[in-house]
Amino acid sequence: MTKFKGVVPPVVTPLNPDLTVDYPSYTRVLEHLIDAGCHGVFVLGSTSEVIFHDEKTRRDIIEHSAKVVNGRVPLIVGVIDPTTDRVITHAKVAKAAGADAVVVTAPFYTVTSQSEILDHFRYIRDAVDVSLVAYDIPVCVHVKLQRQTVVTLAREGAIIGLKDSSGDDGNFRYALLDLAEHKDVFLMTGSEIVVDTALLMGAHGVVPGIANVDPHGYVRLWNAAQRGDWTAAKKEQERLCRLFEIVWVAQGRVSGGAAGIGAFKTAMRSLGIIDSAVMPRPRASLNEAETARIDEILRAAGLLN
Amino acid sequence: MTKFKGVVPPVVTPLNPDLTVDYPSYTRVLEHLIDAGCHGVFVLGSTSEVIFHDEKTRRDIIEHSAKVVNGRVPLIVGVIDPTTDRVITHAKVAKAAGADAVVVTAPFYTVTSQSEILDHFRYIRDAVDVSLVAYDIPVCVHVKLQRQTVVTLAREGAIIGLKDSSGDDGNFRYALLDLAEHKDVFLMTGSEIVVDTALLMGAHGVVPGIANVDPHGYVRLWNAAQRGDWTAAKKEQERLCRLFEIVWVAQGRVSGGAAGIGAFKTAMRSLGIIDSAVMPRPRASLNEAETARIDEILRAAGLLN
Amino acid sequence: MTKFKGVVPPVVTPLNPDLTVDYPSYTRVLEHLIDAGCHGVFVLGSTSEVIFHDEKTRRDIIEHSAKVVNGRVPLIVGVIDPTTDRVITHAKVAKAAGADAVVVTAPFYTVTSQSEILDHFRYIRDAVDVSLVAYDIPVCVHVKLQRQTVVTLAREGAIIGLKDSSGDDGNFRYALLDLAEHKDVFLMTGSEIVVDTALLMGAHGVVPGIANVDPHGYVRLWNAAQRGDWTAAKKEQERLCRLFEIVWVAQGRVSGGAAGIGAFKTAMRSLGIIDSAVMPRPRASLNEAETARIDEILRAAGLLN
Amino acid sequence: MTKFKGVVPPVVTPLNPDLTVDYPSYTRVLEHLIDAGCHGVFVLGSTSEVIFHDEKTRRDIIEHSAKVVNGRVPLIVGVIDPTTDRVITHAKVAKAAGADAVVVTAPFYTVTSQSEILDHFRYIRDAVDVSLVAYDIPVCVHVKLQRQTVVTLAREGAIIGLKDSSGDDGNFRYALLDLAEHKDVFLMTGSEIVVDTALLMGAHGVVPGIANVDPHGYVRLWNAAQRGDWTAAKKEQERLCRLFEIVWVAQGRVSGGAAGIGAFKTAMRSLGIIDSAVMPRPRASLNEAETARIDEILRAAGLLN
């Protein structure tokens, strides 16, 4: 059985006003997640705004994360860039810095076929001796990892897991069914709002961005599901769905990405977890009215007094 | 009046079998284009497979190009990466290496609004003292540079030009109309197959990928249009449309991108311009049957005996 | 509490070789569904190939259905056509013929805004004294009924329910949460493969096309969920997921719609429920090899010896 | 050589406040177009809001149109509905009422493959003895008539022409090239804003919606192109592009379709051609502020004092 499972939040990357990483805040985020009982951490994912960071910053983040986590939970690292050989470079750095597994998307900017996606994962697997997790995120890369692609890669050992952020729950279910005999493969949903149902389907883990704000909620949800108490799981999920509505507060004024991660950061600042809610360029930060609205939602969810 | 105009091919990047850049072949490509009378060259664009190259390789390509071109024609350089500050890093390198202008897309992987796109260009303009050309390529970045975005950036001086590879000729025409008074702004179409009509609309330049294969044809087309001989321009364009059909020979077996640029490379190899038709990973090269079919098309176009 | 709930299959419309409706087979389909314990029937939906039927045929189908059903379960009728006043005409016919409720999509062919969609439903509601169910099926009408649109219509009483075939389970969940206090509103999922999880979320009903083939399975699934036995519900669902794979047998040779409904008809013919698997023009019927493969899947699901 | 060619406007359908057709206004529209020198009229197309009209209204419109046109120019009639046999019914009515040709889209609501689209046209051709024009309008039917589909249908005689409203000018050009030897086939662009360039490519006709407002402009443009005066054609086109901006005046408040055809009707009312600018449900009419802005654009285009 794989050591990867459970609640594995994609870690928000707090920034200083000069756009450098705010490592003291970053350390507090990691401690906050581990203290709450999360089963792993996923750094340098989309929620971490990985795509805004250059190679040196990425290396620093991984090394800092490895030092803080210190083996207490698995450290999963996103190695996200457009094409195969650039990903290989990131993967080597991640392995050297102590990643337990790396997370790889389909190529992007370049338009790829499923056949090229298969080769992409195989080339990376052959080039770096580190476990690969496939990341299905069509909203960012504009191609879906099809069921057959994921199943083929898992069966031939090219990947050890999947993070499914496609929103296609039916397809995710078929991957679970197809790989049911492969006990060493773990399949995680990237959704925040259908975690109870993904667990009912048999998902091995969940990667909810908003767990940065409320990790305890997702750990309770996970525990309820593990003991088969689906009523409790559902009730916790519904509370978290209401909390998740912070991501739409700024939508329209800013892009969906800026509204969502900006809301996470704004909430974490209100909760004292991080010092500032600075966003990388060209994203704009949330404003005062939006912050006030987010604070209301935090209060309704029982997170803020 | 701007110094940028005319036929400005996006330069194919020939590779060695070990995936390094084949500089002797690369030099021949540049000489081939300049000898044919092209009015500029655009290196490190989508046709150059820029997105597959790491920072060091990009720097080497720019420096090599600057040395070969040596001021004979303007050197325009793509600085294409997902987010603002990463693009700024590339733009500084390009400027230092002698670029006359740099070409910038909207952010990608991250989903952006038009407002964030405006800021993206403004931040880059403020950070680097080099002329910016906006690159509208929704097929790669999955967002359109809207007419109002382009016109706003041009009017405020943030960009000096546009390369429109969106296929939306009506929108391109409105940009031409809206900016007709701005004589220092140049608007180029990225299409290969409607160059005559783009020139009739008033386009200032054209960036046809297949000009790597047949630059003389596009120079003749440009000259015919300049003297108002639209019948000759159309006739030349129709011949080039038939030549352009090489890009579909391998489609289906490989992705559209691999089929298209693979066809350019295959044709250039058949014509003796470059030594090999190697593709960057995960793209596959064209096979023998596809090469034979491409050679047939080259013969029909009068390029091969 | 609404009288609508439970398993409400969208009824397949069997055809004769001359493309007229095969009413003896049609009657058997209805009896098959009601005998199995289905809680309602939905005729003239997408699975019924409503869009291929003219006004007279639709009227005949409704009248025939009303006669066969004879009040044993609710009769829900699709009134699907592109624009408001054409839908009103169908709705009047459906009401006169005995429909308990009618199912209305967003307008199609014409591109509409959410505001026009709101008006569309309100105009129909005002014109015909019959209960409306909103049908969210973006794959056919190419616009999503947004959460706020559905909630607004439900709260103002313009609709009494929703059939959600959008595949967006997160959005469906929010509609359930937003309307939790409205006990007279029923929300149904159109999915076949996530019925257990939709019921865990609190869905009031399910509209699975493949229930035409195996209604007993979905009734068992519903009953398991009603008594809170989620393990049994999941197990039944997983069996049905394997059965559902018949819809992909012909995909590629014919369109997805023809492959899916063609598979339902082919399976129902193999099971002796209907006499022929004729498809309306321009759809092609499944061939012998595809039928053999479908029979294999039926055997694996325990439906065929 | 075909009798179809030139400027063939899609005729706006004026409505009375009770949503019936305003035939006196409708007659004036037809006379206005024929007097201006248009070479044909296309009734019951998308611009005619065909999809809002029931069978009886459509029949009345065709019969009225045939009576008014009275053979002075060809009468082309849209027979637009979702599926094959429903289109056949409309086509028979159109033929009986005097249509010179009928215009057929791909199926819609149902998702179709290119193979099914081929069969769709063939079934209609076999069922009705009337000339078919293929209508490529992916924005409404959500599938493209691919180049090979159009060329196949034209070569086998199933269609005699094409109305291309896809905005894909490159693809249109290839259809022109592929069918250059078929002198009996006519290919028309549905665009308003690239008519000069479509004619340079060799288009046989143009179907501009805004010709309802300014038919003289398009006739002048056509005539300039016929005599090879591309400078004059371009200049006329640019004036018409500025006029066409009326279609965006209401966009955002209402859907794009309502904004566009609503603008045509509003302008035609201001010009005294029709009596009211009523829109079919659920579309909203333009308001006073929007009308005032449209009148300004009409004045700038020299159409209103």
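Just so it is clear, A, B, C and D label the chains in written order, and each chain counts residues from 1 on its own.
Convention: a contact is a pair of C-beta atoms (placed from the backbone, for glycine too) under 8 Å apart; a residue touches a chain by one contact, two chains touch by 3 or more.
It should be emphasised that the depicted structure is a prediction, and the values quoted were computed from it without experimental measurement.
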Considering only chains that satisfy the touch condition with chain C, which of them also satisfy it with chain D?
none
Most widely separated chain from chain A, with each centre as the mean of CA atoms
D
Could you tell me the distance, in whole angstrom, between the mean C-alpha positions of chain A and chain C?
36
Whole-Å gap separating chain B and chain C, where each centre is the average of the chain's CA atoms:
49
Which chain A residues touch at least two other chains?
none
Thinking of each chain as a vertex joined to the chains it touches, would you call that graph a line, ring, star, complete, or other?
ring
Run through the chains and report each pair that touches.
A-B, A-C, B-D, C-D
Please name which positions on chain B make contact with chain D in the complex.
167-170, 173-174, 177, 191, 193-194, 196-198, 200-202, 228, 230-231, 234, 238, 241-242
Residues of chain B touching chain A in the complex
19, 46, 49, 51-52, 54-55, 80, 82-86, 89, 107-113, 115-117, 119-120, 123, 139-142, 254-258, 280-284
